[in-house]
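Letters A, B and C mark the chains in the order given here, with residues in each chain numbered from 1 onward.
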Amino acid sequence: MSIIETSTNTLVSTEYPLDQWYVAGFGSELTTQLLARTLLGQPIVFFRDETGNIAALEDKCCHRMLPLSDGLLEAGKVRCGYHGLLFNSHGKCVQIPGQDKIPSKACVKTYEVCEQDNIIWIWFGKDTTSKPTTLPPQYIFHSTPEFLYDMGKYHYKAPWQLIHDNLMDLSHLGYVHLKTIGGDANTHMNAKMRVDVEDNKVKVVRHMLDSTPPPTYKAAWPFKGNIDRWQEIEFMMSHIRIWTGAIDANSDDINNNDRQGFHMRGFHGVTPETATTCHYFWSMATNPVHDKENIKTKVVDQTRLTFDEDKGVIESQFINMTRFGHQPVIDIHIDTGANQARRLVKRLCDY
Amino acid sequence: MSIIETSTNTLVSTEYPLDQWYVAGFGSELTTQLLARTLLGQPIVFFRDETGNIAALEDKCCHRMLPLSDGLLEAGKVRCGYHGLLFNSHGKCVQIPGQDKIPSKACVKTYEVCEQDNIIWIWFGKDTTSKPTTLPPQYIFHSTPEFLYDMGKYHYKAPWQLIHDNLMDLSHLGYVHLKTIGGDANTHMNAKMRVDVEDNKVKVVRHMLDSTPPPTYKAAWPFKGNIDRWQEIEFMMSHIRIWTGAIDANSDDINNNDRQGFHMRGFHGVTPETATTCHYFWSMATNPVHDKENIKTKVVDQTRLTFDEDKGVIESQFINMTRFGHQPVIDIHIDTGANQARRLVKRLCDY
Amino acid sequence: MSIIETSTNTLVSTEYPLDQWYVAGFGSELTTQLLARTLLGQPIVFFRDETGNIAALEDKCCHRMLPLSDGLLEAGKVRCGYHGLLFNSHGKCVQIPGQDKIPSKACVKTYEVCEQDNIIWIWFGKDTTSKPTTLPPQYIFHSTPEFLYDMGKYHYKAPWQLIHDNLMDLSHLGYVHLKTIGGDANTHMNAKMRVDVEDNKVKVVRHMLDSTPPPTYKAAWPFKGNIDRWQEIEFMMSHIRIWTGAIDANSDDINNNDRQGFHMRGFHGVTPETATTCHYFWSMATNPVHDKENIKTKVVDQTRLTFDEDKGVIESQFINMTRFGHQPVIDIHIDTGANQARRLVKRLCDY
């Protein structure tokens, strides 16, 4: 029995885990401008305050509802573009032009934000008093010396969990991504796979030993011939980490976490925009040994190409789900990881 | 009292006659590719199997709902573009890459299809066990030696019965199609008309004796002067046959089925896509005596122009129906045939 | 407590005051063509009859619902573009081609229309028997010798009352229209304001004494230095009159209705199209003393620019209202006029 099968509500859920950190974007997106982004159904305006810290306010002036993101950033405060009300990073209106008294209700909702590892994290609590008790997860590959990285983002016309399904099952590489990181379809479908479920984590490990290197791998690393290839996927609700790579076949123990060779460290922050749309923020870090910038650019460009392909498939899948409505589906061997991830999300929703 | 008047449900019905053959397209549309088409609300993928026969499957992989039409046709079978499941023309999954056992539920719904006279017919039964008891109707003018034909198709943003209304009443030629097959408006509106209702057929016959030949007629046939012109329309639910043509005025008995002169044999397969959209598959056959290919092309091109004009009118009519909602309308003399066709469709729905 | 706050229904009302004249457009829009326009949810076709008077019919043929505006204007009558029914300016079908008898029901609804001061006024009654008891309001600035004017129109994706709010509070000039008629924001927000409510009128008067002239003013009038500037806004449900202008600072009594100086007489006819869209017909008249056509053109062009800016703000405001749904808002000092206008509309609806 598949999770998708159990109910239409599961397929396109309007429930999201709360009391959680979600990815709101990359710190480098925010310079001197206002940034409007809807997350978990809530329109939010992001900006840097006087000290450079990121603030996040409800994107709606408390006076006549114009999006604050239509206004101007003035020295770390937001000026509404209709009647000029000025809001500070705490959501408090600090100026109403032409009026001395500022009503106590003249304020807008704020969100807890944390900028860390060039990732903007935002806390969505169960209620207005709920505050984060932990820092958001750390992500070292944006600052590991031997790694270079770049990033990108997508707006998806599909619910966020369809991206989880896609990322938790890399067997689709053989059919969707033949031209890039795919390689031989049979190798992918027949890879040995192990799925481990920890407390708030699902881990999928797949090994493709003695296999042909795909085009991206060949271009990025001086492999001698066949390769031992790994895919390690860690699902953590707010984001997924995908560690893929390869060593020359039989040159090292593939289970050794310190193995050498070619590495791709993918960060995948998937955050619901609405029940049927989502944001996908990704970065790709790699460890080139020569011609570093060039190879990093190639790896990131190839990655972007495969993500473009995924987007086409997933949005088409969702259109078809919408056309057919709730219908039973069958599961196959490669669905184990994705189904465990859906169970984890459901458990965190019910929590 | 008009049929349109009786209820909004009649105007835009979500009920269609079942246990019926419908037109799904033309055989020549299907070569080596997958063809996606939604008929009666059901997304279907069409393709040719190993023997060249046309297969029709529900357009949805039973695994994760991707449209099968996004996949690849592999030697008469369909390979899903996500995880590579392979389906044969009977809807059975015959391969799940990387998995030996194929679950018995790994299959998709199939449809009965019959390719005949270059028309693809598809059977929509009342339930899953309902099978056709007859062959679809024959249509000889795609293979009659003295006739040449060509065809076209439209996607209409309007319910199918508005096209029936249009085709059952050719008096609109005088207003909508002045530049092509129209001719004098008064001649059309004043034509003698006879409507006969048979078992599953409505027949409208109109004669315009001693009338001026319209531009298309003049271009296609060496008429000496005025013409005796006929329009014979046969409505059969799944399609409409329109036999129009003319002889030199007073040169023959216009009631004689073997009359000579200029003939246009129109096939009009109208099939609901949804309650508010439809497919319109048409062909036009004619009997040129000289410069055959050229004249056939002219007749078909002129026909296409008139059908473009009809589409503009009908889609605008439907937008207005939607804006105004259910409102009474009046009937005029030329509505008899169309109203009988609506009665026949209603009777077949209730059957 | 704001009017917007009281209920979502108030914010986007489907109720409009009836037994009222509304602005349907400008007389100069109607020459020899049919004009389709939906007002208060009712699709209407406007045209000039044989005598040049404007007629307004329901935009729907009584036969098969094609918009009459898709047809042809034939000597002051409308010919339907489908089957040729001909309607006169009283909505009566006077010809059914090919049929002698015209059923008594073959007619379409008509509307009372009055063309006056180059404005087309249309009466929307509470029921079909309700007739206007007064002429529409007069507007002399389309024919005052010392004034030149031009006009424009907008289709707004926002409910009509958001335009009222905008026009009743010109303090937004300082933030939305800095580049044109705005000038210094503080001057606008701190202007002395008086709001008077009369029977069916709300009047807002604002004075900005000894202030810097904005760019448009400088370009249009030879001011010597600072100016005494006035804004007089009269809200009358069917339209708003805005009289703005300025004299050299301390050169005359600004409360004197015969004051000299630079005048802009704005007419703003705002008419609901649907509950969430509206038409906005405006004209701007001014009194240049030299280089008249040029200065009029400049004033009108600048006006159009500011109205473009308003449209951007108001449509964005409405999108945000739709995203957030019903939410409380706060009022500030400058909302008094707009709130009184909303009260007047509500009172006229309940009347």
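FYI, a contact is a pair of C-beta atoms (placed from the backbone, for glycine too) under 8 Å apart; a residue touches a chain by one contact, two chains touch by 3 or more.
Bear in mind the structure is a predicted one, so any value in this text is a computation, not a measurement.
Taken as a graph of touching chains, this assembly is complete, with every chain in contact with every other. Rotation angle relating subunit A to subunit B: 120°, from a CA superposition, given to the nearest 5. For the pair subunit A and subunit C, the distance between C-alpha centroids works out to 48 Å. Within subunit B, no positions touching two or more other chains are listed.
Here subunit A touches subunit C in the complex through residues 38, 43, 59-60, 62-67, 70, 79-85, 96-99, 103, 105-106, going by the rule given at the top. Within the complex, the subunit C residues that touch subunit A are 4, 165, 169, 171-172, 174-176, 185-186, 188-191, 313, 316-317, 319-321, 323-324, 327-334.
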